[in-house]
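Once you've had a glance at the structure underneath, I'll fire off some questions.
For clarity, chains are labelled A, B, C, D, E and F in written order, and residue numbers in each chain start from 1.
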Amino acid sequence: MKSQFRDQLPDFPMPVVTEGSAASNGNASPRAEVVSYSDDRRSRGLRTLAEITGESGVAVVQGLRELAPDLADWIIDFSYGDVMARPGLDRRTRQLATIAALTALGNAQPQLKVHVQGALKVGCKPQEIIEVILQMAVYCGFPAAINALSVVREALLPK
Amino acid sequence: MKSQFRDQLPDFPMPVVTEGSAASNGNASPRAEVVSYSDDRRSRGLRTLAEITGESGVAVVQGLRELAPDLADWIIDFSYGDVMARPGLDRRTRQLATIAALTALGNAQPQLKVHVQGALKVGCKPQEIIEVILQMAVYCGFPAAINALSVVREALLPK
Amino acid sequence: MKSQFRDQLPDFPMPVVTEGSAASNGNASPRAEVVSYSDDRRSRGLRTLAEITGESGVAVVQGLRELAPDLADWIIDFSYGDVMARPGLDRRTRQLATIAALTALGNAQPQLKVHVQGALKVGCKPQEIIEVILQMAVYCGFPAAINALSVVREALLPK
Amino acid sequence: MKSQFRDQLPDFPMPVVTEGSAASNGNASPRAEVVSYSDDRRSRGLRTLAEITGESGVAVVQGLRELAPDLADWIIDFSYGDVMARPGLDRRTRQLATIAALTALGNAQPQLKVHVQGALKVGCKPQEIIEVILQMAVYCGFPAAINALSVVREALLPK
Amino acid sequence: MKSQFRDQLPDFPMPVVTEGSAASNGNASPRAEVVSYSDDRRSRGLRTLAEITGESGVAVVQGLRELAPDLADWIIDFSYGDVMARPGLDRRTRQLATIAALTALGNAQPQLKVHVQGALKVGCKPQEIIEVILQMAVYCGFPAAINALSVVREALLPK
Amino acid sequence: MKSQFRDQLPDFPMPVVTEGSAASNGNASPRAEVVSYSDDRRSRGLRTLAEITGESGVAVVQGLRELAPDLADWIIDFSYGDVMARPGLDRRTRQLATIAALTALGNAQPQLKVHVQGALKVGCKPQEIIEVILQMAVYCGFPAAINALSVVREALLPK
């Protein structure tokens, strides 16, 4: 379990994502209008936010602007531009890990709903989302799993 | 986001796992020695526990027997036999989801260490484990991510 | 505080509950109709679930079946059949301990309501339930106690 | 489940505990020296603290005096004098409820150890303490139960 | 970082607040009607509760009286009389620290709303409250900050 | 409590911090040596990190570089450069709010120690830090306050 991993260490510090920079230079980009934000993190974050959360996530972020515009910017630039846009883990796994964490926290229902929808949007099957939540019964207890499943139901089977 | 998923619903209640039953009937099973436990959940759980956590997890479970033998059995039968052995999600994703949840809980360092080692054992790359923990800075805050990373370091780079 | 307890250790690993097994063999059992589930954990779990939570708990479990039938089964077989049905602690104390834990978690209101009703059903006095929650002000803070008391009010004094 | 409890409501606001007042008036009390604190909450709290936690709890409270004497006083006066000394729930149940809550919190190991010892001191059997913790696997997840059991082991089976 | 603070230690155990006692003796006090409670902690607590939370906090406490009159008294006597009334930290900082803690807990929305309003009442600017919550994105994660901001919005911009 | 705050809203979206930008343009800046990092968030973050946490915080961040260099950068750029460097709340209040939050979380002892030392470094009195933690007994329970005080003791009175 030991030194075998030390050899792998030089590999996993990932190079800084450069697609954003490229986009800001590439006039032909179909998303060139986003680049008017003059910041690569911004354009990368906006694109990632839209690809994962679609309209609902963008609306949440816009809703924060009245009271806390900087928080809205951090979500775009840091959460999505710096973190969620990273290579090294595919989007489906990222969404399932977020669903696991939000189920464990147990007090973030609005975010859980956004990320259940996001998981579906990036290609997770409903079955996979439910599997993650069932597994949380083991690690976080049955109430956490049951309450998270209520949120999944709202996302999967809206009235 | 709506009724499109309703159609998928008949698919995702998974059939009960039958490999355990089969194993207990099938003499030719390469794992027939485990089947001496006379209980399908038990044999499936023991096999899954060993495959994921190796000696360290088995030792943890054995260590519980003196004070709480039933808790040890539940870990084998329920946590591993009923839940972690399920199909529907690959083992790597299950371990990464567990790592996300344990990072979110923030008070389960022994289990986090076992599951970081388990993640490596089932084929996750160190880089993927670290990616999940970095992502938790967004959802659970930096202290949670930093402290989880300390546990990863112990598992990856033991002194 | 020490070795005096070591002598007691052989006593406290409890024998496996046998009432369920007995019931499945005993035709004269007044609960023989439940036994048609052909599984002792199942029949024991269903009986315990009904005795503690009555219709409301059974309805919650049924409500899980559409999306996660296995979670519903685990609640019956594991949570109630394996755990809550155990001897070694009377039902009133088990319900009060659950109320303490759910107050501490602070994010499991639906379960807290079910177990406040369950505590009343198994014979706890309203005063005892409230005492447990008041005590939580010391261990979990006043917001946790106040918010749990709101749930108690809904169970005790429905509008 | 409804109006039946409303009739019981006049009963459960408990009268103020008067044993402390009595003690401060009763010269023959074997604990008259404690009463020199000139405060009934204080004498009631000190007596309750000693009866439940013995030397270890008193030492913890004394250890707080250097930095936070008022916190030490609040533990005596409020936690033990106002809350834990209350009638309406027997001491064994109070300790088991505290153990359930501290297991749920998952980050209060020193307090959990004090209250496991306190539970034994007020007459809980080791088996009952372990039963409460096993039950927490259902409500708080297996890591919480396993880690609490480690604390129980230290209290029951000190090296 | 060391012994320099030891010299300051004799200073920081604070003398018991005496304003309450004074008020109970002073007939000319503009708050003499409160003093009819014949208990200094009580009068100090009621005054502090009213000064910080205004009508909304007083209403919350009154609402607890039907089921748990002693909890209501503890909030007045202990939470506000003993703790929140203390000198040593100005009221604005106390409210901002409470807002930070409630944001971290993440499951105490009613209390967060009361204390956002309380922070405004004791002179915090909206900007300062929002700053504290933005800072929590770092320590508790974005969901905690976003959900706390929703509560702030209700307090600042009621519909 | 209402529309009076709406009028203040145009005030509290704070202008983007410009000291960093200015510094990178202004050769005469007394902190020009930091600016060699070629990134305004970076220089602002490094300066703020050093001013608040001194050597201990910088060491923690460096310690993360082996496994997660990007996490180290985010702490500098986002946590300190974007968030903690903001105007709108003085540094002392920011540290006390962080101490409140970390006490509430209850599982972030290393970070709590860093920020207790940081609070002292930016000018908080020991008494003020202890006041915040005492106040947490009300909101998070006594175990949280007692355990946080243990961390304060290590920072104030190292052996």
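Everything below uses one rule, namely that contacts are C-beta pairs under 8 Å (C-beta built on N, C-alpha and C of every residue); 3 or more make two chains touch, one makes a residue touch a chain.
Predicted, not measured: the structure shown is a model, and the values here were computed from it.
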{"item": "Contact distance in steps, from chain B to chain F", "value": "1"}
{"item": "If a chain touches chain A and chain F alike, it appears here", "value": "B, C, D, E"}
{"item": "Labels of chains that are neighbours to chain C and to chain F", "value": "A, B, D, E"}
{"item": "Interface copy of B-F among C-F, A-F or D-F, judged by whether over half of the contact pairs recur", "value": "D-F"}
{"item": "Furthest chain, CA centroid comparison against chain C", "value": "F"}
{"item": "Averaged-CA centre spacing for the pair chain E and chain B, given as whole angstrom", "value": "44"}
{"item": "Intercentroid distance (Cα basis), chain D paired with chain C, Å", "value": "23"}
{"item": "Centroid spacing, where centroids are CA-atom means, of chain C and chain E in whole angstrom", "value": "36"}
{"item": "Per-residue overlap in chain F, given as positions that touch at least 2 other chains", "value": "9, 14, 66-68, 70, 74, 78-79, 83, 86, 102, 105-108, 111, 130, 134, 136-144, 156-157"}
{"item": "Chain-level touch network, classified as line, ring, star, complete or other", "value": "complete"}
{"item": "Of chain A, residues touching chain B in the complex", "value": "1-2, 5-6, 8-9, 11-12, 14, 78-79, 83-84, 86, 88-89, 93-94, 96-105, 108, 111, 117, 120, 125-128, 130-132, 134-140, 155-158"}
{"item": "Of chain D, residues touching chain B in the complex", "value": "106-107, 130, 133-134, 137, 141-147, 149-150, 152-153, 156-157"}
{"item": "Chain D - residues contacting chain E, complex", "value": "9, 13-14, 66-70, 74, 78, 82-83, 86"}
{"item": "Chain F residues within the chain B interface of the complex", "value": "60, 64, 66-68, 70-71, 74-75, 79, 102, 105-108, 110-111"}
{"item": "Residues on chain B engaged by chain E in the complex (per definition of touch)", "value": "136-144"}
